[in-house]
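Each of the next two complexes has subunit A plus one more chain, namely subunit B in the first and subunit C in the second.
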Partner chain A sequence: MIAEAGLAALWLAAAMALLQLAMAAIALSSRATEPPQIVRDLLAAVRPVAVAQGLLALGAFAALVALFARTDLSVLLVAENSHSAKPMLYKVAATWGNHEGSMLLWVTVLAVAGGAIALFERLLATRTHVATLAAQAAIAAGFYAFLLFASNPFARLSPTPLDGLGLNPLLQDPGLAFHPPTLYLGYVGLSVAFSFAVGALVTRDVGRDFARAMRPWVLGAWIFLTIGITAGSYWAYYELGWGGWWFWDPVENASLMPWLAATALLHSVTVLATRDGLRAWTIMLSVVAFSMSMVGTFLVRSGILTSVHAFAVDPTRGSFILALLILYIGGALALFAFRVGTVRQGALFEPVSREGGLVLNNLLLSVILGIVLIGTLYPLLAEAFGVQLSVGPPFFNRAAGPIALLLVAGMAVGPLLRWRRDRGRAVARRIAMPAAVTLIVFIALLFTDAGLMPLLGLSLAAGLAVASILPLVGRSPWRTPMPIWGMVVAHLGIAVSLAGMASDSAFTAERLVAARPGEINRVGPFAIRFEGIKPVVGDNWSAIQGRLIVTRDGGQPFLLRPEQRFFANPPTETSEAALATFWDGQLYAVLGRDDHGGRRQLRLWWKPFVTLIWAGGGLIALGGFVSLIGRVRRRRAR
Partner chain B sequence: MRLLLPFALLLAGPASAQSNVPPPALADTQLPDPAQERSAKALMETLRCLVCQSQSIADSDADMAADMRALVRQRIAAGERPDQVRDWLIQRYGDYVSYDPPFSPASILLWATPLLLLGIGIVLARRSLKRRRR
Partner chain C sequence: MSPKRQRMTLALLAVVAIVGAVLLAMSALSDEAAFFYAPADAASAPVDKPVRLGGMVAPGSVKRMADGVTIAFTVTDGKATVPVRFSGIVPDLFRENSGVVAEGKFVAGGGFVADNLLAKHDERYMPPQVAGKMHKSESIAQ
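Coming up: the complex of A and B.
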């Protein structure tokens, strides 16, 4: 019953999306200065329809969550991806731990975002508002069709099996349970930017008000994206058990690309809102940002990543998303091409000015985005031509690393520049201190065995940390506008995160051993005594637990318990790393296999300041949040 | 239930991939010479685990990755340069095994793109700036 209700809600939501699109199209096709009553009624009715669409999609999603929560095995999706003997948290999380469920979540976020624009957006002119909602409905309609015709999450299974197949144990982790929803809020939240851009192109309404209206929405999506990426990176770090935190995996890149585009967009929209410049470029970026979300969805959901051939074996879903991708991105770009002539060229800038700095930011972020995109797609392109090759960390680090460091240097200087026009000598005075700090750290670390890139990373991070605080100097902390605070905190977050990344790659100490019980091994400042193993049992797993007595520099000993876990449904083995966190880093211990000679493999790492990576990510998101509060309050006051 | 059987087999895959055979000696123990270990480790991070999805052999639990790690350490310990080890692996498994795509007609576009993008970007960005008054 719940499954049928959910399916019905999904169909109704799809119908609402079509209705919303049709009503908006009819209403907007009338260009009369004094529109007849019927047109005004239609314009007014689009908003409630958008809200209804959002609620129906939410209802369908709630139905699927309910099915998973009660492990209704007569539903195919539940039987394939859940199991009755799982903690409730993972029963619920299994809802989006599979293709159909995550696509339903995707379209739900899309519809709810549309409903939110309908309810809360007040700055946009009515016609632009309606055109924006029409664009949002057009995207939603395509993805509803995808769900209903190619990925029905509510399909029944007969006869009902005795139990389900279970959820991949790697995904059975509290961090990962909430990772996809967070990421999707950001990912799909960017659809709002796309729809705003399309709406503004349709009504030829690109300008400062448009930028001010769009900014908080982009900021909101960007915050979720930042949190999602940060959390995902930490999850990979502690769950995969090898101490890596970023792999340039295509799935990771799929989330990084929208973030890069959205970050560029946040900066260009500031130029548009403040100085009425970069008009066409901001529109372009809005389209690109959500296009990157859709490309990511295509990469992850079509199965093309495993191999082009896997995609060719069952191309239904992949081709469907690909068709949607071409339709929406192509459509938006075509509209852009037709209308860009009517978008007046914005103001031009002096090179040495805040605007100039923001142009540099956009240039470098776009190039990094391009590098990540080509690196991610290149193996697919090559395979299509019959060549098999891999593109991985060496390419990305070498190509994007130097540009990222350049970006960091620009980030230190940019906020210290004045709008409109600045003088080179005055700027030099303002950046003297951060530049000196950079140089001092560089020289101080020159005699450690850090490589060149980590060395540059650490010294630029130190310089940026100082520079990012400087915009507050001479201001009263209470009078400083919240968006300035937000910028300071977010830029400081980048410095903190970069310091963590560079420190991890420069100073990590590694110890890989096969240890007998009683044996003592050293890594960094730690002495680690392997006591032996014992069996333990959890909710739906059993494990072999290693017991390690650790002392740091002869201090108080403590116990670490890394585990090798065995899950029955589905049968899988995972390793649970044991982490000890200190103010200056993390000790990371993994229990490996038995070597059949009475010894156990141990992997031990001391990672100085590695936690700064995610602390910085948190600061970046916090900065966005502070800025968002400031923007919303200022809007309210108006 | 019959409908689910193929899925069950599919999911059983990872478990059987991690057998109880002890890992080769050098898969997860370091070389005594820190310099050799460092270059072996750096090389491992750029080699692809052929049975995993997007993982290097330096951070994979798969048996095959363990064998490849042991092989890399053995060859480096025997005095081979990292390039030689990589070339040997590429000869055996093809370019696919290296995350660092070797220069070739197939990869030239990849390596040229960053510079190309930067060039195009600079030209575009200059158009939004005022010309210097002389």
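Coming up: the complex of A and C.
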């Protein structure tokens, strides 16, 4: 029953989306200055329909969660991706640990975002608001069709099997409960920016009010995207047991590209809201940001890439998503091309000014976005021409690294510039201190064996940390507007994160050994004694556990327990790294195999300050959150 | 600056950014893209550049070195063979007579030093083109 109810809710949601689109189209086609009653009624009715669509999609999703929680094996998706002997957390999280379920989550976020615009957006003019909801409904309709015709999550299975096939063990981690939903809230939340842009183009209403209305929504999506990427990076770091936190995998790039575009958009929308400049560019970025989300969805869900994120390889699905992608991106770009001439010229500005700094920010972010996009798509294009190659970290580090450092330098200066116009000499005085800090750290680190890029990274991070706090100097902490606090915290977060990345690549110590029981190995400041192995059993796995007694500089010893786990459903082996976190870094241990001579392979890393990477990510999201609260409160006050 | 000139300048900047990104990416791609080689075309492969080598682990070729963490084996595609050395934790599905993709560099003298091994059906990060190539070399060997 639950499955049928869920499917019915999904069909009804799709019908609501079409209704929403049709009503909005009819109402908006009337250009009369004094619209007849029927048009006004239609305009007013679009909102409740959007809310109903959001609730129906939410209902369908809740039905699927219920089916997974009860392990209803008569449903094909549950039987293929779950198992009765699994902790409850993973039963629920398995809902989105597969193709159909994750696409349902995708479209649910889309529909709920539409409902939220209908309920909470009060700044937009009615016609623009309705046009925005129509755009949101148009996207939703396509993805409902994708679910209903190519990826039905509620399909039944007969006869009912005795038990399910289980969930990929790599996904059996608390990370699965948080990473996909937060990432999707960000990813799909950017659809709001897209719809706002389309709505504004339709009604030719691009200006400061439009920017002020859109800003909190973009900020909200960006916060979730930041959290999702940070959480995903940490998950990959401890789960894969490779000691790395970013692999430039196409799937990772698929989440980074929308983030880069959204970050650029967040800054350009500020120029539009404050100074009424960069109108056409901001519209363009709104379209690009969600296009990147859809490109990411295509890369991950089409089966064109095989990775832990790609669940099913089915060519019809790939073509379906590709068709939707071309339809929406192409449609929005065509609309942009037709209407960009009607976007009136915004305000002008001087090169040395806050606006000038933000233009530089947008340029550099766009260049990085371009590089990541080319690096991600190039192997696919080459494949089409029969050449097999892979593009990995050396490419991205070399091409995007220098631009990213330039961006960090610009980020230190930008917030110290005044709006409208600033004088070069005054700016030089303001950036003297951060520049001096950068130089001092650079010289001090010249005597370590850090490479050039980590060296530049660490010194620029120190300079940025100082510079990002300077906007608070001379302000009362209680009177400082919250968006300024948000900017300070987020920029500080970038400095903290960059320091962690640079420290990890400059100072990581690594040991790979085959150890006999009783043998002591050293890595960094640690002495690690291999005690031996013992078998252990978990809920749905068994493991060989290595026991390592660790002392740091002769201090109190503690135990580390890296494992090799064996899962029965499906039969898989995974390696479970053991981590010990200190204020100044992490010790990371992986248990390898037996060498057939009484020794065990151990891989040990001491990673100084690596945790700053994710702490910085958290600060960036927190900054966004503080800023969002400030914006929403200011709106309420008006 | 007149409104029109400023608009032109901004548009020009955007074009410069896009062209810059493409040029930068292309120049880095020509140096850093890792091409895929089978043992038969190993002779034409560049030395000391990151590449991928794919084929079958030749039966009876896996040898463990005294340090306990280094292994040596031969990769074959039925036409030619390449000796490979690897230090690290080998993937679970690494076996003799089974497909493997080694990421690393060819060294002077014809050998290959791998920094990473991807074994057959290693679900984690196996690009489909690699899986396809591996399947091909497997059927050749049989």
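Note that the second predicted complex is superposed on the first by the 629 of 638 C-alpha atoms of A that agree within 3 Å, B and C clash if a C-alpha of one lies under 4 Å from a C-alpha of the other, contacts with A are read in each partner's own complex, and residues count from 1 in each chain.
Note that in this section contacts are C-beta pairs under 8 Å (C-beta built on N, C-alpha and C of every residue); 3 or more make two chains touch, one makes a residue touch a chain.
Not measured: the values here are computed from a predicted model.
When the two complexes are overlaid on their common chain A, residue A:Asn98 makes contact with neither subunit B nor subunit C. In the superposition on chain A, contact is made by A:Ile371 with both subunit B and subunit C. Of the two partner chains, neither subunit B nor subunit C is touched by A:Ser191.
Legend: residue contacts after superposition of the two complexes on their common chain; A:Pro571 is shown touching subunit B, with no touch to subunit C. Legend: residue contacts after superposition of the two complexes on their common chain; A:Ala399 is shown touching both subunit B and subunit C. Within the superposed three-chain model, A:Val391 lies in touch with subunit B and with subunit C [touch as defined at top]. In the superposition on chain A, A:Thr230 makes contact with neither subunit B nor subunit C. Overlap of the subunit B and subunit C interfaces on subunit A comprises residues 240, 247, 249, 278, 281, 305-306, 348-349, 359, 363-364, 366-367, 370-371, 374-375, 378, 382, 387-392, 394-395, 399, 403, 512-514, 573, 575, 592-593, 595-597, 601, 603. The touching residues of subunit C, when paired with subunit A in their complex, are 1, 3, 6-7, 10, 13-14, 17-18, 20-22, 24-29, 31-36, 50, 52, 64, 67-69, 87-90, 92, 123-131, 133.
Subunit A makes touch with subunit C in their complex at residues 168, 170, 240, 247, 249, 278, 281, 304-308, 313, 345, 348-349, 359, 363-364, 366-371, 374-375, 378-379, 382-383, 387-392, 394-395, 398-399, 403, 512-514, 573, 575, 590, 592-593, 595-597, 599, 601, 603.
Taken in their complex, subunit B has these residues touching subunit A: 1, 3-4, 7-8, 11-12, 14-15, 18, 20, 22-23, 28-30, 41, 45-46, 48, 53-56, 58-61, 94-101, 106-107, 109-111, 113-114, 117-118, 121-122, 124-125, 128-130, 132. Those residues of subunit A lying in contact with subunit B across their complex are 79-80, 157, 159, 161-162, 165-166, 240-244, 247, 249-251, 277-278, 281, 305-306, 346, 348-351, 356, 359-360, 362-364, 366-367, 370-371, 374-375, 378, 382, 385, 387-395, 399-400, 403, 510-514, 570-573, 575, 592-597, 601, 603.
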